[in-house]
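Notes follow the structure.
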Amino acid sequence: MIKNFCSDNGSGVSPEVMQALVEVNTGHMPSYGNDAVTLEADELIKSALGRDCDIFYVYNGTAANTLACKAVLRSIDSIICPDSAHIFTHEVGAPANATGSKIITLPTVHGKITPEQIKEAHQKETYWGAHATRPKLVSISQSTEWGTVYTLNELKAIKTVCEALGMLLHVDGCRIYNAAVSLQCSLAEMCQHIDILSLGGTKNGLMFGEAVVFFNQEAADGFLHLRKQGLQLHSKMRFISAQMKTLFTDQLWYKNAEQANQMAAKLAEGLVKHADIAQYCPVQTNQVFVTMPDELAKQLMAKVGFFPNGPECYRLVTSFDTTEEEVDGVLGLLK
Amino acid sequence: MIKNFCSDNGSGVSPEVMQALVEVNTGHMPSYGNDAVTLEADELIKSALGRDCDIFYVYNGTAANTLACKAVLRSIDSIICPDSAHIFTHEVGAPANATGSKIITLPTVHGKITPEQIKEAHQKETYWGAHATRPKLVSISQSTEWGTVYTLNELKAIKTVCEALGMLLHVDGCRIYNAAVSLQCSLAEMCQHIDILSLGGTKNGLMFGEAVVFFNQEAADGFLHLRKQGLQLHSKMRFISAQMKTLFTDQLWYKNAEQANQMAAKLAEGLVKHADIAQYCPVQTNQVFVTMPDELAKQLMAKVGFFPNGPECYRLVTSFDTTEEEVDGVLGLLK
Amino acid sequence: MIKNFCSDNGSGVSPEVMQALVEVNTGHMPSYGNDAVTLEADELIKSALGRDCDIFYVYNGTAANTLACKAVLRSIDSIICPDSAHIFTHEVGAPANATGSKIITLPTVHGKITPEQIKEAHQKETYWGAHATRPKLVSISQSTEWGTVYTLNELKAIKTVCEALGMLLHVDGCRIYNAAVSLQCSLAEMCQHIDILSLGGTKNGLMFGEAVVFFNQEAADGFLHLRKQGLQLHSKMRFISAQMKTLFTDQLWYKNAEQANQMAAKLAEGLVKHADIAQYCPVQTNQVFVTMPDELAKQLMAKVGFFPNGPECYRLVTSFDTTEEEVDGVLGLLK
Amino acid sequence: MIKNFCSDNGSGVSPEVMQALVEVNTGHMPSYGNDAVTLEADELIKSALGRDCDIFYVYNGTAANTLACKAVLRSIDSIICPDSAHIFTHEVGAPANATGSKIITLPTVHGKITPEQIKEAHQKETYWGAHATRPKLVSISQSTEWGTVYTLNELKAIKTVCEALGMLLHVDGCRIYNAAVSLQCSLAEMCQHIDILSLGGTKNGLMFGEAVVFFNQEAADGFLHLRKQGLQLHSKMRFISAQMKTLFTDQLWYKNAEQANQMAAKLAEGLVKHADIAQYCPVQTNQVFVTMPDELAKQLMAKVGFFPNGPECYRLVTSFDTTEEEVDGVLGLLK
């Protein structure tokens, strides 16, 4: 059977993670994160990210992004981000709603923006003084919504311009693992250039659970309160922590992301062999965007799940559990 | 070993629920609730609640309460609730924050309010016309934060006054199962008098997951958007639905709540035999409030977990997994 | 002396309006709008706008726009507007902040958008279902921030597409009087195509005071409360009402706007005679946008007040009190 | 003719203030506060308040209170105030709505609270840690909504407890002038104990206009943006500034408040001579609260305007323009 390629959210839970959930289900533990498992998870993550930081587990990625923004923004501040950013396009305006802040969007090349664009947007907004907002946060996604990846140098350059402008850098890392695999770098190398990170989980094999990670300690002030008010404090916290602990044990995060990336590469390679299918943008992680005639897409979608992403543009996503057989299955449909 | 009696949140996951989670973890399924398991859970719940309704799964109880309020309130409206209400005391103001609405609190007898109080509060607020808010929602907890229970007649009387005043009735039902066991009534009987229900889960044996249930269809308008914006849309929805489905299969909800209630009754009965311990309020569900000298409490708390709840007042909570042995263990400490 | 051409906000108060303020200052009157002067102003405005409507006076234009949006939007809804809209660019995000709603901006030709753009934006946003917002309001400015004017047919076409899409049409009319003079039409003719109007005042000779006008009665529900909560209920209301009454007596609004428009036309005509100065966009009301070398602008700005509005683009604004002599004064500087 | 005693909002504009408005209406001036009149007003106020401070003019008192709160609070913070506070009872929840913060109310003696109450409320809220809010602001009214006045020592004691608890003290000073007259102290003496002041205007003879005054410089950060976003930036600012300048010239504020206070004293003295009328609380400023039979009140209200303020309790308010004849007129009705 061909699994659907609709989203990495369509997959289930990594077996190692499910095992950990079963094992942690013994007896009573302190609620709300005051348990030993949470401490262990914290330590493993800190070690992987290579910097001292404050870590707060939340339920999902939209929450991580939204509360990350709310932690550091006043209503008179603004966020600069790509116009393809999940926080702008697919969260029913949650970050702007929660912060009351304005979102200033920039056009992108395949989901990525440049330091020059940030500088220009900052200048344009601040020109109007007290009649406009104070740009305080840049938010980018790594990997991006188009599956592309900022190089370490690009990240560093964006962080540098943020510092020069008195802005913080937030990274939506719901697929940061796929980016690290793509760049063949450690998470620590990436985190050097980040102030606040939405650390993914669900898209890389967890049942539920993400984290907001503050490398900037001041930004974490009051976040315990904010997480509760933000509807994100899980009472039986050990069941998030145990998953996170597992993800950062024996580099499960790497293994899972690598499998997804490799399957995406294989899928892309096969798809573009078809005369009517072309790559829409570089395939660097686990998302494949291709153009094809709507008629062809329709025929394919009758047999395997995936979605359109614009006119004649289609998205296929692989997951930690995507197999070579499944990719071959899709490719076989094209013959 | 004596489990802690700090909270029903300290417990783990009901074995039946954990089993269901393991079993539902096969292959890919549509995300965001467009899966068969979610439909099955919906049907089981509707059947148990005995009325047509719209059901939306969310992560936790604070979220259920907050989004229930946000679904039906404008910022110029207000909520009338007991001053002991979780939505007022323990959610960092989340419901007021999300709605922008004013919360009007009433003094209670052991967590319960009366129709007369509601009428009076409504009159007092509306006296000031456009300088004050429009009371639109009454929110009560069943069972209450003090472990007490509204009778069916009391519920009906509150619902009647709400209707007369053009208000809706919301019930925080994070422990509604314990109330049903206490009243020896069906959930359907209680739901006859409710417009919007926060249907519990976590406190009765789930890993995570609650539901917002609208018996008033108009109130559900746009709630799919609101849930996403409210940071509560779980992508891998089947993992909430499978739990809910289990809770409503073979009346697991009843079995779990009954065990908790029975253990609380036994615990209370034993505690008050001690000369220095007195019952603080009626024990009708799974929460036991007693007064005792702080010194005695200190000695006990060194051996079993529970918390103070005011001057010389202490709270002990039982759970679906509390055993007779554990209760005897606590009581044994008093000899 | 040459008055500054920085803004129609730089001018003072129309003599007729000041006279009315002095005259209404006798004895005590009921506060908050329950006075006879307010009723008279309401009637005069209704008569001029030619439709039954609900009128609420507020302090300024940003407030009128913001509360107009808040009256009809939930946080899950969105606003479609030009990217030049005052509500997006110059109000520190007030409308989005107050509503929690997303603002979807469209590129413009000199501040104007088309029905086709609205349709496309609506389609693009709603494609994502519950992951995106519900577009509910189109907001345009008449006259626009670039001084241009929608024809009656253009207004009608936008209103028609709004209806087809289930959206309401809001018009920021802080300079609607200048638009009416430009189109040589009545306010009533324009208002036929509007659901909610921010009716200007300050920019056309008032000391302070604008109005939110609802032609859609349902939209006005609760607005008395919203105005108070929105910090816009003036206690000594007669002092706004008396001004509005004067503006709509003997068509003062027309006389004032006509003077401003005529002076702008004369100014534009004279400016573009200079070899280095070109008209940036059509001059249809009281705002003149021209391009000129920054060096030339600098020389001029040393002697008469006006502001840059982008690279080599400058804005000069006339007012009800701008005289031929003042325009000649500016033009004389060019010789 | 007897003027109404409904509110000091029912009065018109002080002649000196109206004269200033007429005189400032000459030619063009820079908008938004960048004019000479605003600077002059600032200097006069600073001199009267006796401390360095940041002054921002706004339209009305609700706005001053609301933006004062918003300037220093995050949504996870809370406000402690009397349950009679205007910010809680009569502003449709505006401060809570704007800040997203919780309001913790305290019972009062005639509108006043004590340091002990504040301490206790702080302790009670913070007991719940991250499940509750962080009390950050105490807000009191001087004079209070019941017309009473905190002595300088009482103010100082409240400020001291605020400092000890890490809280700021906000004073709603819409009638601070009446309090100063009552205490026979300078504004400077009172302001020594205040962090943020809502400085009144309208109730003491202005047409419109109040000010937010920050003695705590840090609290003023970003307030220019906040005022604009908060719908409170008046474009033709000189027309607020000229009024404020007049109020602080030749101590007009004192003269106006003194007249109101004296007339209230005379009114109260006369009223309580009637066998059926009793003073409800001390008359220290310009508000008189008396109890009388509803039937008697009804007869009086047919001839002179005033309002009930609770069961058999009535409020009569004097103003800068209340005359001895008018007071005698009311008293004459009782004979």
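Letters A, B, C and D mark the chains in the order given here, with residues in each chain numbered from 1 onward.
FYI, a residue touches a chain if its C-beta (ideal position, glycine included) is under 8 Å from a C-beta of that chain, and two chains touch if they have at least 3 such contacts.
Just so we're clear, the structure is a prediction, and the values are computed from it rather than from any experiment.
**Q** What is the chain whose Cα centroid lies farthest from the Cα centroid of subunit D?
**A** Computed centres place A farthest from subunit D.
**Q** Comparing C-D against A-D, which pair counts more contacting C-beta pairs?
**A** Output for the comparison: C-D.
**Q** From the mean C-alpha coordinate of subunit A to that of subunit C, what's the distance rounded to whole Å?
**A** So the centroids are 42 Å from each other.
**Q** Quick one: subunit A and subunit D, Cα centre-to-centre, how many Å?
**A** Between these chains, centre-to-centre, one finds 50 Å.
**Q** State, to the nearest whole Å, the distance from the C-alpha centre of subunit C to the C-alpha centre of subunit D.
**A** So the centre of subunit C lies 33 Å away from the centre of subunit D.
**Q** Quick check: what residues of subunit D touch more than one other chain, meaning two or more?
**A** Subunit D, residues with two or more chain partners: 32, 75-76, 91-93, 97, 130-133, 225-226, 228-229, 233.
**Q** Tell me, which parts of subunit A touch subunit C in their complex?
**A** Listed in rising order, the residues of subunit A that touch subunit C are 75-76, 78, 89-93, 96-97, 100-102, 128, 130-133.
**Q** Could you please specify the touching residues of subunit C with respect to subunit B in the complex?
**A** Within the complex, subunit C contacts subunit B at residues 32, 70, 74-76, 129-134, 222, 224-229, 233.
**Q** Considering only the defined contacts, which subunit B positions touch subunit A in the complex?
**A** For subunit B paired with subunit A, touching residues are 1, 3-4, 6-7, 9-13, 18, 21-22, 24-32, 58-60, 62-63, 66-67, 91-94, 97, 202-203, 207-208, 225-226, 228-236, 239, 305, 319, 321.
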